[in-house]
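Take a look at the structure set out below.
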Amino acid sequence: MAKPIRLSHVAHDGKARMVSVSEKEKTHRLAEATGMVMLGEAAFALVVKNKSKKGDILAVAKIAGIMAAKNTAGLVPLCHPIELTKIDIWFQLDRGKKAVHIFSAVEAFAKTGVEMEAITAVSIAAVTVYDMAKSVDKGITISNIQLLKKSGGKSGDYIRRTKPRN
Amino acid sequence: MAKPIRLSHVAHDGKARMVSVSEKEKTHRLAEATGMVMLGEAAFALVVKNKSKKGDILAVAKIAGIMAAKNTAGLVPLCHPIELTKIDIWFQLDRGKKAVHIFSAVEAFAKTGVEMEAITAVSIAAVTVYDMAKSVDKGITISNIQLLKKSGGKSGDYIRRTKPRN
Amino acid sequence: MAKPIRLSHVAHDGKARMVSVSEKEKTHRLAEATGMVMLGEAAFALVVKNKSKKGDILAVAKIAGIMAAKNTAGLVPLCHPIELTKIDIWFQLDRGKKAVHIFSAVEAFAKTGVEMEAITAVSIAAVTVYDMAKSVDKGITISNIQLLKKSGGKSGDYIRRTKPRN
Amino acid sequence: MAKPIRLSHVAHDGKARMVSVSEKEKTHRLAEATGMVMLGEAAFALVVKNKSKKGDILAVAKIAGIMAAKNTAGLVPLCHPIELTKIDIWFQLDRGKKAVHIFSAVEAFAKTGVEMEAITAVSIAAVTVYDMAKSVDKGITISNIQLLKKSGGKSGDYIRRTKPRN
Amino acid sequence: MAKPIRLSHVAHDGKARMVSVSEKEKTHRLAEATGMVMLGEAAFALVVKNKSKKGDILAVAKIAGIMAAKNTAGLVPLCHPIELTKIDIWFQLDRGKKAVHIFSAVEAFAKTGVEMEAITAVSIAAVTVYDMAKSVDKGITISNIQLLKKSGGKSGDYIRRTKPRN
Amino acid sequence: MAKPIRLSHVAHDGKARMVSVSEKEKTHRLAEATGMVMLGEAAFALVVKNKSKKGDILAVAKIAGIMAAKNTAGLVPLCHPIELTKIDIWFQLDRGKKAVHIFSAVEAFAKTGVEMEAITAVSIAAVTVYDMAKSVDKGITISNIQLLKKSGGKSGDYIRRTKPRN
């Protein structure tokens, strides 16, 4: 009979709990995530111009994302602290959607996965892009924050195949 | 002639900068933001069940969002520190989209607006919902994080009227 | 008819909430708290000796308490951030109880009281004393953390008169 | 001849020091701690009612305690940073004493013990209960924070047998 | 008779204390500080090249300095928390000394001065430059961190006139 | 042909990056750093007097430095989080230069070196000495922050031999 589907962070009585990873082995963990900031025409043009002038906007967002990844266990209550060994964040400008796509890749040798670090990195990088563009357009929207890839846990590797929920 | 549109966090040479608010008066500031976590069928059912049993999932996400709002200036590099006077976060379950909608309202008596605090609160609350549901579905997606309302600044009040960018 | 007694941090449906202090005036706020660390004979003797030699134990605990007071809103989820104007922490050695009594006094010009800052300062100072003495005795106990005095809010001034709950 | 009893965090000249754990092996570490919040009659009744309605009070305190445990090395000056693998916090309502008993259990695979993480978790969970009940009663008292159990270090396992110091 | 010179952060018995600023009025405060990182020939050449290519090194150091300024009260034990209204950081490359000069300007409307925020900003920006260049030269040295200017307190304005202590 | 000298934290396009240490082995790491605070005559005399009375100034600076070392990855954007196993900080009063020399030693069993932790510890300890003495002299200068020694990485051990850059 199939094991019933459960939320690992929730006990049988509905109470939140931190999953114990005491018994797990350390393995090499990797996760990649993405998200986008839909800027609208005016703000997008200014970000493009800033990038072409090699301005700082995306560097600031990158630093904010890296620092947030390191602080994931301080932000997300039930996450475990992890000694990350690599955090990378990069950007793609999408002229069609007037959007910045944000990508993160995080690695560690750890007892638990690093997808939350990848998701948190993208989220705070996106919030930082929002912050720097908000004076131009109050309709800026952050969307499609999701996991792209994950490897190293006993639940098996994962690569997103399906079209994103949108 | 119209004043050219500019990114307030970017200097003429493209460098990042923190806007000076030294000369601004303190006024009552309010901002509301929203965002959603598209959970997929199985995870949504478990969140609904947890809520109906008055479990902790949404309480944990709420606390994470409130604490993140207070920490906005520590997360978003060019934000000013602000003594917030109110932070509220609430949720709506959307059976059609299998999604949790997250709402935040933030207030302060301050020299600068609190929209980043509202956006940050929603983002980290969403990331926390993601964390608690991720064991069930790796396709969970955070979307439509955006400002709903803002008042108190000299740039005038704002209420979102248009359909969200989606 | 008397107003029913309620927990201000709890909404009618039992959900946690941060109290809004948006409408409150800033006034001068003061709070004093106390707590004790019952060390047992051996650890108490070593703390006494360290103090007589003007060693660092109580200085370390003081610094930890001061820093915790400044971080109260980062530790206690529903506390508001407050610009504290004074934090003091001092100690009394109690040879009868083999205990260190810890006292804190906190001030601010703020919309809400500072008792949580005073209580947090004492708690973390006590935890720090515990840390420095724990190698000698595993039975060390932190007790009687409580408010001594409070002034400045509209709920009126408070001075503890009754014997502590013990 | 017996080795003289010493405070491990204090050097021969009375100066504070962080103990070096460089030479120690990593072993599985566990610690359990407890503490209580004496609420008085009115606040206790409201916490009981909140719990019976499955309200949020204890969930908020639990989250605060878990996050504090992860932040122990940022709060207690001479503690080492540790990658915790499990943190659990639970509560017992004591109708006789009108008190909430708080329990924590912390685990790690580490070079040093995790009792300070367990003690810090209980302390901040207790401070958070205090915060949520303080509007009803200014005489609330936090007491009896102490270690219950500890295993994994070379100093041997420990289980509290004696009556708490009270 | 002249008032004896005293350290304001030290009580008569030599104990550390946080100065009370409860009785002080809020005034507009400004402080500027500077410091330098002596890189040596090879690392300096690489920083120059990175800057001419509009690379990120100085942007990263700037963000680190801004975030540290906001966190001053969390780093320097006896500093008061302050709502900063402006933080700016800029750089000068010194081909003679093979050094980067770092400058900071900080403002607030506050009861106490902001020189520690300016000094902390420069220090952490310098440490960040060091970090990014350290793979090339282990002899890198941070020097001459000092106050340039200060206004707004009752102790009067200050502008550095004398040659730096070097 | 010699490998060209490069900044490890900078990619080929000049963008900042966090170095991946995923493939590195954990080894025992050690780093020692130093720095000095030039106090001027009056402030130096007061620090000497405070030390002779076994006052708290240097204890406060030590605690600040230890806590900063643990927080290095939260302060310096491209640093990896590391479980430090030892942090020590000590001081030397230099009557000739009217200066306090600060020394730090940091250890870990880690995939990357701990020199940034040693440098950060010295920097924040120096900033804290500055803070405590600034009321007496606005010309105080922090200088000569540099690495003294490093071992454990594959780039080989390092001991400073040359005269400091000054």
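Should a chain be cited, it is by its letter among A, B, C, D, E and F, assigned in written order, with residues numbered from 1 in that chain.
Definition applied: a residue touches a chain if its C-beta (ideal position, glycine included) is under 8 Å from a C-beta of that chain, and two chains touch if they have at least 3 such contacts.
These figures come from a predicted structure and were not determined experimentally.
Chemist: Weigh C-F against C-D on C-beta contact pairs and write down the one with more.
Modeler: Counting C-beta pairs in contact for C-F and C-D gives the edge to C-D.
Chemist: How many angstrom lie between the centres of chain C and chain E, each centre taken as the mean Cα position?
Modeler: Going by mean C-alpha positions, chain C sits 32 Å from chain E.
Chemist: Chain D to chain E: how many Å between their CA centres?
Modeler: Roughly 38 Å separates the two chain centres.
Chemist: Where in chain F do residues touch two or more of the other chains?
Modeler: In chain F, residues 14-16, 53-56, 59-60, 62-64, 67, 71, 77-78, 81-83 touch at least two other chains, as defined above.
Chemist: Using the touch rule from the top of the page, what pairs of chains touch, sorted by label?
Modeler: A-B, A-D, A-E, A-F, B-C, B-D, B-E, C-D, C-E, C-F, D-F, E-F
Chemist: Hey, which residues of chain B end up touching chain C in the complex?
Modeler: That would be residues 28, 54, 59, 62-63, 66-67, 70-71, 81-88, 107-109 of chain B.
Chemist: For the complex, which residues does chain A have touching chain D?
Modeler: By the definition above, chain A touches chain D via 14-22, 24, 73-74, 77-78, 80-83, 110-111.
Chemist: Note which residues of chain E are touching chain A in the complex, please.
Modeler: Residue list for chain E touching chain A: 53-56, 59-60, 62-64, 67.
Chemist: Touching residues of chain F toward chain E in the complex: what are they?
Modeler: Within the complex, chain F touches chain E at residues 5-10, 13-16, 35, 38, 40, 42-43, 46-47, 50, 53-57, 59-60, 63-64, 67-68, 71, 75-79, 115-116, 119-120, 123-124, 126-128, 130-136, 138-147, 150, 158, 160, 162, 164-166.
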